[in-house]
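Structures incoming, each one as structure tokens.
Both complexes below contain chain A, partnered by chain B and then by chain C.
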Partner chain A sequence: MLADRWLRNKMVKRLSPWILAGPATFLVLIFLIFPVGSTLFATLTDAKGWLAPYMAFFNSSLRRTVLMRTIEISLITTVISVVLGFIAAYVVAHVPGRLKSIMIIAAVFPLLTGVVVRSFAWLILLGKNGILNSALLSLGLIAEPFSMLYTKGAVIAAMVYLFVPLMILTLAGVLEGIPKDVVEAASSLGAKPFAVFRQVILPLAMPGLIIGAVLVFTGSFTSYATPQLLGGERQMMMGTFLYQRAMVTFDWTGASTVAAIMVVVTIAIVVLMTRLARRMNPMAA
Partner chain B sequence: MTVSLTLENVSAHYGSTQVLKDLTLAVAAGELVSLLGASGCGKTTTLRLVAGFLQPSSGTIRLGDRDLTRLPAHQRDIGLVFQNYALFPHLSVRDNVSFGLKQRGADAAERKKRADRMLERVGLSSFADRMPAALSGGQKQRVALARALVIEPPLLMFDEPLSNLDAKLRVDMRVEIRRLQRANGTTSLYVTHDQEEAFSISDRVAIMNAGRIMQLDTPEVLYQRPANSFVARFVGFENLIDMTVVERLGETVTARTKDGALLQLSQERLGAIPDRFILAARPDGLAVARDGNGIPVTLGIRTYLGRAYQYQCAAEGQSYLGNGSLSEPLDTGDRAVLSPVPEQCCILPADV
Partner chain C sequence: MIMQTKLHPALIAIASLIFLILIAPLFIILGAAVSDTPFLTFPPQGFTLKWFSNIFQIEAFRTTAITSLQIAFLGTFLALLIGIPAAYALNRFKIRLPSWLSNVFVLPILVPEIVLGFSLMKNITIGLQLPVYTTLLLGHTLLALPYAVRVVGASLASFDFSIEEAAISLGCPPLKTFLTVVLPNISAGVVAAFILAFITSINDVSISLFLTGPGVSTLPIQILAHMEQFFDPTIASVSVLLMLLTVGVMAIVEATLGLTFLTK
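And now, the complex of A and B:
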């Protein structure tokens, strides 16, 4: 009775959302905002002056190369994953029920093993004595084994393989949600199949496409295991570089700077993608 | 330009089930024909075949002198109005309406001019820049109508366009549809399961059942002179009485019901009566009276209809619905006779 009356009290009613959100807010504050804030704060200045860690980063051509390479590999991975994922998702969205669940399970299956295991599989495939080289050799197509490991291609191939399932999952739902009669309306109004795709399906799939692309981009931009295993020193990316700064050279300020740059680039790319999406479909985002 | 639509011996299958059986249908230039029937009767299948979303397993579909049968949907030049409006959610009302014009290569100024003129005709000028999500159901359907009309198609098709609207709006919209269709003289095919809607809007109605057209005629003829027991039941002839002729005396025919009651019927008033036939009567076609010449029955529940009392009547193994006069109310359990009112009855061939 007393508790009941207390709950009906106007003041309590007004404050209760804040009270309920309190614990979670507190946790986020302590374990996210504060550490990230202090990491960023440490990069703003050092013995050499204001923003010196960033100057150091951008003055080093090696570091600039690592950053550009990371952006390049992530963008290529995203574009390939979007194209492959879209085609696969389109098929998944249009097959009858039973086959659909089998296809979705098949798409998700690789996600059941760890990133390291799946990247390792590519080592076996692409190595000097790997399956691909042996096959090409025995077919007589090449005389000497190709070196495919430690190239951009190897990293991109492995990352596309990692992220396409995510793309398929996000897109299949969105494509299924496009009403059939809207597509039929477009073709009844004279839209050729490509026009239907370009003017109706693509804009309506845009929200899913953006979520998928952001997932793939941030995933590949921050990836560590895959570039480490398949790219090595030669294809160093921001993730591997950060690890090296922090755990090999113990340059904590340098590592924090790398982290800060990664956060900024990721946010910038996400904002850019959302802008692009809104231009194609005002309903998106 | 008004042209006719013809379907000749069109059959369609979903997998191994045949959903349309040798359907032949001609819609004259400028005419509005409705396909009316319960769900699964093949009316929507017919529309989808004409639209090009389905391929017939046999038969031909022609629009004027164009053979549509193998043409892809986007080359058919048909204006379609869908049950769920099917507006493009990412385009403004104006862009929705001009979508068809864009596909036809009209430039931006031309598109805007024609779309705006069309929006004015459906009374939505001030909504041109809105998104479809910001419209009510009736407004959405008017946009869909404008979108279909603006391409000036030789054929308009409607797939249950009013079933998502409330009752009042449904009546307004069907008048609107009829007005625009008449004004443009566009040949139209209209699919619905609502009898009142079909009868009020159409020049002719095709009543469909199990993939066949049971009867295609004007609403007046369908309502008064159904051709078979399916159509009769559909338009409200609730009493279908199997009868056999036992004696002919000039134009007067004596016929017997299954349970032995005798009725005298006049061919002068009912038309030619075959030896075996079905007497079809609406409730007001069977007069309930305390005595006289007719089918003897026991009265069941009485309901008050305002213009008459309606009785559920039971005879040996058969039941009827008949109306009786307000001046002489009868009670449940009373014995009474049912006599047919010739003007409210019709003679149907016996079901095989």
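And now, the complex of A and C:
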């Protein structure tokens, strides 16, 4: 075959690693590194002077509020997701087969369902005609239905809902990977259940826990659909603010600055935390 | 004697509650979709399927659903087409390729999607005057690429390349060797990469958000746009159809890889 004769050519053989990896590398280079790079570069070469777009960002109290709100919502979401995810994953890792399958299905189903659908569910739950209002009305706790939408709580609830399945599946794998004899050794040597948890299970799960937390934090920090649907204008976050700057006010410098802050925060957190996770891994001698 | 780690009943109760809350909202959508009211409500009042037929009467849902499927299939296919060879090269020729190369394929995960979407619009659709559909497709290919390179790469990492050497030294041509010896051994990785990439692409909002134009939009973006104007159960019924897609995907995962592969 012609293709085979070509593949046997010495020159082709020598270059084959690059011929094989080339197209994928080219795609990332031209359609990711170039466009994202120029967005970031544009914020550093603004006509108004070096770092002027960043001065404008941090001098505006509205923008500082958006940034602080995004950090706050992302942190709260991360903490709640870690706690709930850990409890659920711990149970998943220890229950017998049948129940475990049901629990995994219950976590995978929302995970594979899109962010729009999952955020929409909370729109129905928290809206004026929503189930929460009907429940509170019928219990006589409130007299008039009120909208719980467009509050920080609504955004956090939907975000936690978004990220708990991811946390559960990440941690279930980690917790199942903890060797049973290590736990047994600790308890047979007299450690109380809480001591086993604090001194054996938690340290061993810590690297996975940190990775999961990073996924949740960066996911919340850069989210768009959930804050758009449940937070609206009132709970503007970095993602919705970026969209508004770019597509509503056409302030591309402002949008690029938001994008640059997002990239820097995301990469800094990922790099620092993966390094921390690696150092905290007690299994790596 | 095997000691089974005992779970505190309270722990099981809390976990069951968490799983219930994970599933319940999706059933609420199902209820809202059949409510015979012009507004979204739960519990449903009456029963109707008119909101489902309403979807098919709105042309924008039809066209965007077709675009979404096209983009997801094509983007995933393209990503596998260029990603599998890259994964192969990274595993097979480790010494001959620079070590930073594998990090290049992490970038699409590391860079926030919304930043990528915005940058593609600003510098590719507008900057390079590329058609919106092409940029949208390439954006989704980028989204799928890390799955192709890393999931298939994980399969290749446990592949014994001496089998390939054996086939080649026995005279099997290189391309045939790859297709008949290597590929069957990494098929689970390819299937996993396809499913993960496809579902990520079809659900994507943040990249598609900026890459819509006249006649080009994806289903999630159309849903968001519809929600801004109407608060009727149509969106609930679209969501039900999307959840049926999820059920289908889960059935495929269970049949091919087993659902537990997602915890790994």
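Worth a mention:
One rule holds in what follows: the second predicted complex is superposed on the first by the 247 of 285 C-alpha atoms of A that agree within 3 Å, B and C clash if a C-alpha of one lies under 4 Å from a C-alpha of the other, contacts with A are read in each partner's own complex, and residues count from 1 in each chain.
Keep in mind that, in the parts below, a contact is a pair of C-beta atoms (placed from the backbone, for glycine too) under 8 Å apart; a residue touches a chain by one contact, two chains touch by 3 or more.
If you're wondering where the values come from, they're calculated on a predicted model, not measured in any experiment.
Applying the stated contact rule after C-alpha superposition, one finds that A:L32 touches chain C and leaves chain B untouched.
Of the two partner chains placed by the overlay, only chain C lies in contact with A:V117; chain B stays clear of it.
By the document's definition of touching, neither partner reaches A:M55: not chain B, not chain C.
Residue contacts after overlaying the shared chain place A:P17 against chain C, while chain B stays out of touching range.
Once the two complexes are overlaid on the shared chain, A:V200 sits against chain B while remaining clear of chain C. Counted by residues of chain A touched, the larger count belongs to C, out of chain B and chain C. When the two complexes are overlaid on their common chain A, residue A:V83 makes contact with neither chain B nor chain C. Once chain A of one complex is fitted onto chain A of the other, the partner contacts of A:V164 are limited to chain C, with no touch recorded for chain B.
Of the two partner chains, chain B and chain C are each touched by A:E184.
The intersection of chain A residues touching chain B with those touching chain C, taken from the two complexes, comprises 184, 187-188. Only residues 3, 5, 7, 11-12, 14-15, 18-23, 25-26, 28-29, 32, 39-43, 82-83, 85-86, 88-90, 92-93, 96-97, 101, 104-105, 107-108, 110-116, 118-124, 127, 138-139, 141-142, 145, 148-149, 173-176, 199, 202-203, 205-206, 209-210, 220, 223-224, 227, 235-236, 239, 242-243, 246-247, 249-250, 253, 259-260, 262-264 of chain C touch chain A when the two sit together in their complex. Note for the complex: chain A touches chain B at residues 179, 181-182, 184-193, 195-196, 199-200, 203-204, 206, 281-284. Residues 1, 3-4, 7-8, 16-18, 20-21, 23-25, 27-29, 31-36, 38-39, 84, 87-88, 90-92, 94-95, 101-118, 120-125, 127, 129-131, 134, 161, 164-165, 169, 172-173, 176, 180, 183-184, 187-188, 218, 221-225, 228-229, 239, 242-243, 246-247, 252, 255-256, 259, 262-263, 266-267, 270 of chain A are the ones that touch chain C when the two sit in their complex. Every residue of chain B that touches chain A in the complex is listed here, in rising order: 51-53, 72-80, 82-84, 86-90, 99-100, 102-104, 131, 133, 147-148, 151.
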